[in-house]
Every structure is written in C-alpha cells, then in structure tokens.
C-alpha cells in the first residue's frame, strides 16, 4: 500500500519537476516549486520522516517560495528563450543518470530491514536514546546531541547566509539609503486597506506563533524543534509584515533586533558547548551540565533548541526584510 | 677563522657588500665605489688566504642546512674550485677599477643597481666554485643567471630587453629543462650528489643511458655555450662592457665549463667515461663548436660579437681538453680557464675603452686607432696573441698542455683541431691588429679622441700584464691542479 | 512488485537529473536556482528512502509500546541539516541575482556574457 | 582535562563563535582588529596542534563526548596539521597586513559583515580539515563556501557578481555530488565516520554503488578544488574578488578540497577497491597533465594579472594532483608539500598584486609599464614569488618541483613523459611570469599614468614576510617536509 | 452505534471527495479566472468540511479529533480569505469579470 502510494506521489513529483523546468513563466515555476515541495514533504511523511516533512513544508514550500517571489518582484518573471543548445547538457545528464540508475540495481530495496544502514549505528541511537536522554524523539536526540556539532554547523550556515544576504544587498544601486527614506509604495503599507485578509490574518498570527512555540518546546516528544519552530514563527511575522506593511513590522522587530536574535541564538548554542567544556566535558557535552547526566542532556538540548529557533527565526526575517527593502531599479 | 667559516665568509662578503652599496648608493657615488673596492679586496684576501691550505692538501668543507632528505647545502673546497674562486676574486678588483672609469665615462644610468647586482653575481660565483655537491652548485648556478639578467638588460631599451630575454630564456630553459632532470636522475640512481673524486655514477648507470645523461648535463649547463646552446652569449653582448668582460669572459662562462669539468671529474669520473663508448660524442661536439664558432667569428663585423664567438670557441677548447680524459689534458683544461680569462678580459676591456673614448663598435671603424690609444691597443694585441697561442702569452702555456694531452691520448683529430683553430684565430685577430695599427684613421665617427679614462687604462694594463706574466709564473696553478691528476689517476 | 522497491531510487535519479539539466542548460539565473533546489531535493529523497524500514514508523519511541519498528533516524537528521543548507544557499543566490539584475539589467546568462565582453 | 585536549575543538570553535560577535562591531577598525586577533589565535592553536601531532601522533576528539561512530569525531593528523598551518597562517597574514587594501575596496559600514564572513570561511576551512566524519565535512564545506561567496561578492567590480554566481552554482553542484557519494557509501556501510567507513567498506568492496560513490565524491571535490576541466568558476572569482580575499583563497581554499579528496581516495577507497589505484591514475594523470599544460598555456596569453595567476593556480592544482596520482609515498609527499609551497608562492604574488593595486588603476599588463621603477620593493617581492612559482632553486617552489620530478621518474617510461610535461610547464611559467617582469621593469610607463608611489609600508611588510618565507622554506624545508612525509605515510596506511 | 458512525463517516468522506473532484474539474474546464476561482473555492469550502468531518467521526473522541477540528477551523478561516485575496489581486491588476471572456491560458 505504502509502495503504491509512494509510486503515485513520486511520479507526480517527477512530472511537477518537469513542468517547473519547462515553463517559461518564472512566477508559475515558483508556484509549481511550492507544489513540488509539498509533494516532497508528503513523500517524506510516508517514508516515516515526520521531522523532515515538517521542515520541508515550512522551508521548501514556505520560505523558499517567499524568497523567490521577493526576488521576482525585483527582476521580472519572464524567462527569455535560451540560445544554448540542449545537446551537451542533455548528454551529460543522460550519462550521469545511466550511471546512477545502473548503481541502483545493487542497492537494497526500499524498506529492507536487513540493509546495512539499519544494522550499524542507527540501532544504537534507537536503543540508547530512552536511556541516555529519556525522551521519545530519537531524531531530536541525534540532531541535538549525538550529532550536535553538525547542527551547530548548520546554525552557522544560516548565520552565514543571513550575513551574506545583508552584506550583498547592502550595496548597489537598489540599496536602501538610510539618509533618504524611500517613498512608501503600495506593498510597503501592506494590505491595510483590505479588511478581510487583515482581520483573518491578525486572528491567525497569534496561533501561528503559538504553534511555533509548541513545535519549539515539544520537539523532544513530537516532530519538530528549533528549525521548524523558527521557520514557522518567521512565517507568522512575515505574514504580519505583509498585512501591516514592512515599516510596521520593522517597528515591532527592527533589523538590529533580528541580527541580535541571529547572533544571540548562534552564541547561545556555542556557549552551551563552551560551558560543557568548562565543566569538564568535551565540547557540546551536555551530560556535565547537571549532576544527573540525563537531565543534563535534556537541559542542554532545550537550550540549544532555543538557540537554533532564535537564530533561524531571526535570520529568515532579516533575509526577508533585506529583500523587501530593496528598491526596484530600472 | 676556520676554513669552513672562510667559505661562508667568501659567500657573505659580496652580499654584505651589495647591501652596503645599496644603502650608500643613492647618497654618494664615491662612497659606493669605495664600498665596492673594500668588498672586492676583502673577498680577495679571504679567498687567497685559503690557498696555502689547499696546496698542503687540505679540503675544507662545511655543511649548512639540509634541504631535502640526504641532500644538504654543502661546500667543499677543491683545487679546481679554488682556482676558479681565486681567479674571479682577483679579476673582480681589476674589473671594479675598470667599471669605475667605464660607468662614469659613459654616464650610465642605474649605477647603484649595477654595482649591487655585480656583487650578488660574485657571491653566486663563489657559491659555484665552492659547491660541495651538485644541488648546491645548481642553486648558485641559477642565482648567477638571475642576478646577471638585469645586468645584461641594463640599458633597458627594446633591443636590449629582447636580447636579455634570449639570454635568460636559454640559460633558464636549459638549466631547468635538462640540467635539473639530469641532477635528479643522478640522485635517484646513486642516492647522492656529492662531488666524489673518481665519480659516483660508476656501477649505477650503464650503456647508452650514460651518454644520454651526459647530453643532459652538457647541454643543461648552457653557460658552457657548447653549440647549439651558445646563442645567449652573443645576445649578452648588449650589456655594458664590464659585465661582458668579467661575467661573459670570466665568471659566467667559466662557471659553465667549470661545472662541466667538475661533472666529468667528480660525477662521472674520468675512468668511467673513458670506458663508456656512448660518451665519445662530447669530444666531437666540442671540436665542432671550436671550428664552427671560429668560422662564425671570421664573419663578424662588430668587435664585441667577434669576441663573443671567440669565447665560444675557447670555451669548447676547455671542454675538449677535459673530454680527452688524459691527465695532461685535464691540467691543460684548468690552465686554459685561467689563461683564457686573462686574455679575454683584456680584449673586452680594450673594446670597452675604445667604446668609451670613441663610441666605436665596428671593426671597420678601428683604422689607425692604435696611434690614438696606444696603451689600449697594445693590451689588445697581447690579448689577441694569447688567444692565438703565441708565446710569450698565457694562451701558449695552456695550448701546450692540451696538445700534450692530445698526444697522450693519441687523438689526432684534436691535434688537427688545435692547428686549424690556431690558424682561424689568427685569421680573425690579425686583420684587426693590422687595421688598428697600420691603417689611417679617416673613418667616422669623430676621430678626435684620445686615450680612454685613466681607471680603464690602468685596468687593461694590469690584465695585459697578467696575460704575459702567466707565461712565466704558472707554477702555482700547475701545482694546484696537479693534485687533480693525482685524483684522476 | 519486488522491483518497485527500487522505484524510489529511480525517482530520485529522475528528479536529480531534471534539476541538474535546468542548472546547466538554462540561461536564466533564477531558473538555474530553481533547478538547483530541485537538484538538492532529489538528494533529500535519496537519504530518506534509504532510512525507511518496512512496517516502521517515525522514530519517536512511544512509552509502553514494545516491538515497534522504527525507521532510521540518522538520514533524517542529515537531511534536516541539508534542507537548511539548501535554503541558505538559495537565499544567497537570490541576493546575488538581485544585484546582477541591478547592474546588468538582465538575469539571462548569455546576455550578461555579451555585456561583459562588449566593455 | 587540560586545555590541550580541547585544541581540536577550539581550532574550529574559536573563529566560528567569534564571527557573529564581529558582526556587531561598529567602531572604526574594531571588526578588523577582532578578526585579526581571532585569526592569530587560530594560528597559535594550529601551531600547538602541530606540535602535539608531531610529538604524539594523530589526535582524536569526540564531540559531545559521544564516541565515534555514534558521535562526530575530530581527527588531527600530520596532514591536517599542515593544512591547518597553511589555512590559519594565510588568513592571519592577509588580515594582519591587508587592512589598507580592504579599506580601499570596501565601504566602512559593510566591513563588520565582511570580517565576520572572513572568520566563517576560516572556521569552515579548519572545520573541514579537522573533521573525521563525512557528513560533518559537508556541513563545514557549506559554511566555508557560503562565506567565501560573500567575500568574493565584496569585489568592487560589477563582474564580481556573475563570477560569484557561477561559483555558487558550481560549488553547490560539487557539494551535492559529494553528498550523493557520501549517501551511497552510507547506504552500503551504515556509517559516516571516515575511519569506520574504511573498515566497513571491506565487506562490500567493489559493488557498483561504492564505485559510483567514489566517482561522485571525486567529481564533487574536484569541482571544488578547481581540477581541470572543472575549473571554470575559478579564474573570474579570483580576478574580481577583493585582492586580499584572492590572496587568502589562492593560498588555501582549493587545497582544503584537495585534502578531503586525498583523504577519501587513500583512506577510504584505496584499501578497499581492487581497481582503485588503476582507476585513479588512469583518470587523474591525464587530467592533471592536460590541466597543467592547458592552464599554463592560457596564462601565457592572459593580460590581466590576477586572471593570469588564477590560471597558474589551476596548473598548480594539476601538480598537486599529479603527485598524488602516482599513489606512491614519494608522489604523495611531493603533492602535499606542493600545497604548502604553492600557498607561499601564490600568497606572495597576490600580496604583491594587492600592493600594486593600491597605486595603479588597472591590473592589465599594458597598464603596468615601468611600474617597478616606482615601486621597487613591491616588484622585488613579486619577483621572489614568481621565482618560487617557476621553481628556481633557493625558493620553496624548487623543493616541490624536485620531489615531484623524482617521484614521477619512479614510474619508468611514463615518468619521462610526465617529467617533460612538468618541465615544459615550468618553462611556460617562467615565460608568463617573465612577461610581467619585463613590462614592469623595462616597459614604458603609460602616458596617462598618475604619479605612482610605493605601496603602504605595512602592506609591503606583509608582502616581504611571505616572500622571505618562500626563501626560508626553500632553504630549510624540514618542517613541511616532515609533515608531508608523515601525511603521505599515513595516507598509504604505513603509519598506525 | 459504531456501525452507524462508520456509515455516516464514509458518507461524509465520499461526499467530500465528490465535491473536491467536481471542484477540480471546474478549475480545469471553466473558461475565465473568476469562474475557475469559484470552482476552486468549492474544494476548500464544502469539500474540506465534509472530509474532515468524516475523519473526525473515524477518529472518535481522541486528541486526533481535536487536531482535525483545529485544522478545519484554520482552513475555514484561510480558504475564503485566500480566495478573496486572489480575486482582489486580479481585480487590482485590471482584470474585470465582464471583460474577460476568454481564459488567459487560451489567449
């Protein structure tokens, strides 16, 4: 049943991908990308990856789409026909795919419980998590503690992207000039004059944030965690910016506060690691944070998840504002 | 001071001098020249005080840092290198006197740069002379190439730079493309690069490979100007005359033949080469170069270019002698290094004197110049006679030994070459002497000039005198180099 | 039916190559980035697929229930990271595209190329 | 627990955690000072780590106290120590001496973010080098890549943007290829730890997914390392990046990818794939040779100074690869030590170019006539760097060329052809380098050229520092030689 | 009792599916933007209510039922708002219902 369902969804996925590449209208392509991401999230869900599905839905369908749209507003949405002949690219792609397909025949089948991945390392995580962490979500345990260093790196990838977008968009002819504030244009006042979206939207925002907080703090028990929470809360705030105008949104959470959130979140994570080191463990060793290693782990994971949430939320919002504040040139 | 430290001192003194020259150069030309002289004299003292030890059979050595596993930067003094160093350090003083006159008389630009690089080049020459293994030698060989490039390109106009490019290009290409692989090959075959009396290659390389390795070495050492890698030498004649005189008649080219001689004696080993048939070509290549370069020299109309081709021919004399592989010929080779140095530097000095005094560069313009510049031309005559090999000049002594070596080896082709080249030498030098002394000076440019500046005349007189004196006082060199024979036996 | 066990992998290869094609063959910079997103998503699919166990559930251990089969949590963790990396790259790429549009007036690669070589 | 045991972690954590703080530094020069101090600290840590590695052998560190393969392992070997030295030293020197150059190319209000990105590049690169876990390498590769896009995008020319976009696309493709390869290996072994992978691969040798994985990892990393013909992103990125960034990247960025490549090829695949050495050399030797010759050839006709050197970098990557593809101890030693020596040479050259750029308006060759007369010190350092690049004895470049030729000669007949290729490319290097020297020393000054002065003293000091390092390590290469010998031995499994 | 609930829930699910299906056909087949929007809102209006209602009955008196209801409330709020926003955007960009005889795809 699952296999059949998967076959159906995957076929749809491939078709969507082809449509995305085929269409000449970038706006349509971006919308189709949103559908692609949602399909992908569904596939992940039926493959038992609830956390990943949640993230893919929030990030792939939500944040990415929003970024694409913000860019399209500045660049225009029509793709000009390319003069490049598709032959060489086609050949490269064909050869690569043949090699990869050929390799699949010696790979374990979907769901094979005897596959090497199910034999080594992973069983240890499943077995030890209840004992060492005393909470049910193994994904969170691996993410935040066993492979916490990767996650730290990941937070810094987000931080880097945030710095990068702010840096790159701080120059050039379209850069917002602090001395002469730009003339407020229609989008900047948001949808204030539209009663229905405003009312409904404002009604929803608290729930979105609430849900975000739930995902944040319930990550040890159910799918979710800092990343998902950060993305969800950021989406809520972006909604606010769309409704009330960017100016109003920046009044609530100014860019400096957002950067503070990013920096603070990243530092919070890092500092937990350093404190672990100071208390006699290795870097990112949470067990030493408390006299009881298990509660030490729980405290550590809680704090770093907050750090992750702060950093991701701040970074996404800062990136959004950087795009939104850009004036259209030419 | 230990002998080892003396070697280091010989390397460092010119470098320190170079820094000193650079520091005072902008402020006072007089002080700059004074520093040059002090440096040159200091170097002479350092090098010459090592001589007695060498005569007594000492072989001072010192090892600096280890560059690669088993390969150090190492210096060792042996007779051949000692002689080369003594010769270069002696002639540097004379050349400095000469430069003083030439550079000022000619109002050359960038004089500080000139003196600085000259000192650096001398340091490199010392490094080559005292090198204790091939790697060290190679390092200083390249430093010499690089430090002389700006000297050759001194004038800085398009033509000079183009010639300097040829100079640099050939020397660098041959050294990196042939010399370096040869060294690495040797190292891989034998596991050492030390100069060992009797050679290191025997038993490690055999058959045609020996011949190939010798090809790499001989043509890799482009400074020896064996045809067809000789083209850099005429190109280098665009340099100011002191450079041509000291570097391209003595230091650089002698570094080339010196390197080849050392490789023959200390890397291949004379006995090994003698039994290895694939290496015979070296003798013929040298003979070919002697004859061909002499014939080309016949057709030159520019004085310095003629001297350059003459140098090419004379260098191959040395290689030919070394390739004869007989004791007497080896001594002849080393004697010829000295003899040719004295003679050729005199000739170049004279050519420079003529240029500074009259701006004349072509042979045809020299008519009657002997009467206006008697001292210069007298010196020139002595130098020319030495090239031909007429007694009582230095050239006679060395040719005598080489001839003796040829008889020892029963090599009639070498004897024939010697005879033929003597005739050719005479054929291109004697007309110049005739023109200079016996024609009337009616040609342009202006003929209303006198003798060259004093400093230059003094220098050229000294070297001419040395050329003559060497005929009589060659015993020390003979004694020193006989130690080589002891080695090669 | 057995062979459908590899269908996931074929789908991943197909999606991967569709994305790859868009990246190398398209001239529009945004289209390239869209292609890049698809390309990266395909890899997510590869990882998640290999972690699936027949009859398993998401690796959230319910108290009191024994004999449960769980899918592999590790690939999921890796892909969580990879998704975030992907969106970060995308954001940076889009910011660059905005700057390119501003200074060149176009986001077509071949036109940018022409403009660069005219000046 | 003494602090020494934490050094592998601190090596990464120090620059990484200070980077966000640098963003907040608004004061004049404060961001620079902080970044420089941090970079120095990283360098000191690298030096102490090198000492420890030399004394006690490879160091391992379990992140979060979780033992590998369950947790992430950091592993510092002699090879990593060498790379750590290169990376941290390159960053420190360029930061310390390059302030004026950066100031002249970047507005002050954008500098804090720039320096933060710089530290993130540093953290990312050292993170890759110390990582002992395949996925962790990916994460830090992305940190360093994203941050390096930022640094390159700081270039003042508008062409910087398309260049960095191309780099971003190709870099991401490379990283994704790598990720696919790692995924396939993980699929067949169930582990991500490199050491564990080596052991567990023995059970599944030579099945297709592993071979395909090897291919994808090689291609992905080769893309990042700018191995010919996957180099197309490099020339423009280096040309239009700020000069100091070019100096920093030219010294170390591609080398880190090569480091990962070599670690995978030799530690993971070498022991386990029967045909691996064969495949490795059949594919890589020709690529390396063609890359060396073609890139040198392009450099011969290039007139923009930075692009010329960028092509030369591609050729030099070929040298490193050629040494490695011999798959012998001597070959690996040659390749590895060339990473160090090339970093020195290119560092000096690009530093000198940065000095030049403070005075001249354009770095095209036709604009540089006679520049050496006005800027003798700058050009003298440039000449030293160039000589090292050509491989003149007495400079660092000679050491690697010597080792490379001796390694290649061990291959017999094939070796002779390779020697010819190496020598021909050295001569090409001499030619393209000499073109610059001739123009700079003897060319006519362009008419409209303004009054030129020598570059700022402080930058000159840095340039000369690197230039003299070329000579020092040309005469006394014992440290890099020791490290690369050990590295080669451990890659070939001859060390415990 | 359970059978009744089961039958009821299946009826609801089926009816919902039919509405969603009709909505889909309408979105494809209607000629203009506004008519299509009309068909599409059928999907998130009555279709969703019926399906989620059916699912709630299936789930019984559990936490899942509460979650489903929450989703229902969410969708009821957002669906019409989204439809409004779309129509409004179309109106703002100058697309008037009476002028637009031909769908933009066919144009």
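Note that the chains take the letters A, B, C, D and E in the order they are written out, and that residue 1 is the start of every chain.
Following the convention adopted for this analysis, a contact is a pair of C-beta atoms (placed from the backbone, for glycine too) under 8 Å apart; a residue touches a chain by one contact, two chains touch by 3 or more.
Owing to the predicted nature of the structure, the values given are computational and were not obtained by experimental measurement.
**Student:** In how few steps can one go from chain B to chain C if every step must land on a touching chain?
**Tutor:** Contact-graph shortest path, chain B to chain C, evaluates to 2.
**Student:** Suppose chain D is absent; how do the other chains partition by contact?
**Tutor:** Ignoring chain D, the remaining chains break into A, C, E | B.
**Student:** Quick one: which chains contact chain A and chain D both?
**Tutor:** C
**Student:** Return the chain whose centre of C-alpha atoms lies at maximal distance from the corresponding centre of chain A.
**Tutor:** Centroid comparison gives B as the farthest chain from chain A.
**Student:** So, comparing C-alpha centroids, which chain is the farthest one from chain E?
**Tutor:** Here the answer is chain B, farthest from chain E.
**Student:** Which chain is the middle one, judged by CA centres?
**Tutor:** D
**Student:** Which chain pair racks up the highest number of C-beta contacts?
**Tutor:** Summing C-beta contacts for every pairing gives the maximum at A-C.
**Student:** Determine the centre-to-centre distance between chain B and chain D, using the mean Cα coordinates as centres, and give it in whole Å.
**Tutor:** The separation of the two C-alpha centroids amounts to 44 Å.
**Student:** For chain D and chain E, what's the span in angstrom between their mean Cα positions?
**Tutor:** 57
**Student:** Which integer distance in Å separates the CA centroid of chain A from that of chain B?
**Tutor:** Centre-to-centre distance between chain A and chain B: 75 Å.
**Student:** Return the distance between the CA-based centres of chain A and chain E, expressed in whole Å.
**Tutor:** So the centre of chain A lies 28 Å away from the centre of chain E.
**Student:** If a residue has to touch 2 or more other chains to count, which residues of chain C qualify?
**Tutor:** Residues 16, 20, 50, 74-75, 78, 81, 85, 88-89, 92, 96-97, 99, 103 of chain C each touch two or more of the other chains.
**Student:** Two or more other chains touching the same residue: where does that happen in chain A?
**Tutor:** Residue numbers touching two or more other chains: 100, 104-105, 107-108, 115, 117-118, 121-122, 125, 147, 150, 153-154, 157, 160-161, 164, 168, 171.
**Student:** Can you name every pair of chains that touch?
**Tutor:** A-C, A-D, A-E, B-D, C-D
**Student:** Please output the residues of chain D touching chain A within their complex, sorted ascending.
**Tutor:** Residues of chain D touching chain A: 1, 6, 9-10, 13, 16-17, 19-21, 23-24, 61-66, 69-72, 107, 109-110, 113-114, 116-117, 120, 123, 127, 135-136, 139-140, 142-143, 146-147, 149-150, 153-154, 184, 186-192, 200, 204, 207-209, 211-212, 215.
**Student:** If you look only at chain D, which of its residues touch chain B in the complex?
**Tutor:** 387, 390-394, 398-399, 401-403, 405-406, 409-410, 419, 423-424, 426-427, 430-431, 434, 438, 441-442, 475-478, 481
**Student:** Can you list the chain A residues touching chain C in their complex?
**Tutor:** 3, 6-7, 10-11, 13-14, 17-18, 20-21, 26, 29-30, 33, 36-37, 40, 43-44, 47-52, 55-56, 59-60, 63-64, 67-68, 70-72, 74-76, 79-80, 82-84, 86, 89-90, 92-93, 96-97, 100-101, 104-105, 107-113, 115, 117-118, 121-122, 125-126, 129-130, 136-139, 141-143, 147, 150-151, 153-154, 157-158, 160-162, 164-165, 168-169, 171-174, 221-223, 227, 312, 319, 322-323, 326, 329-330
**Student:** Mind listing the chain D positions that touch chain C in their complex?
**Tutor:** Within the complex, chain D contacts chain C at residues 135, 138-139, 142, 146, 149-150, 153, 158-159, 161-162, 164-165, 168-169, 172-173, 176, 179-180, 183, 186-187, 192.
**Student:** Can you list the residues on chain C that touch chain D in the complex?
**Tutor:** Result: residues 16, 20, 23, 29, 32, 36, 39-40, 43, 46-47, 50, 74-75, 78, 81-82, 85, 88-89, 92-93, 96-97, 99-100, 103-104, 109, 112, 116 of chain C touch chain D.
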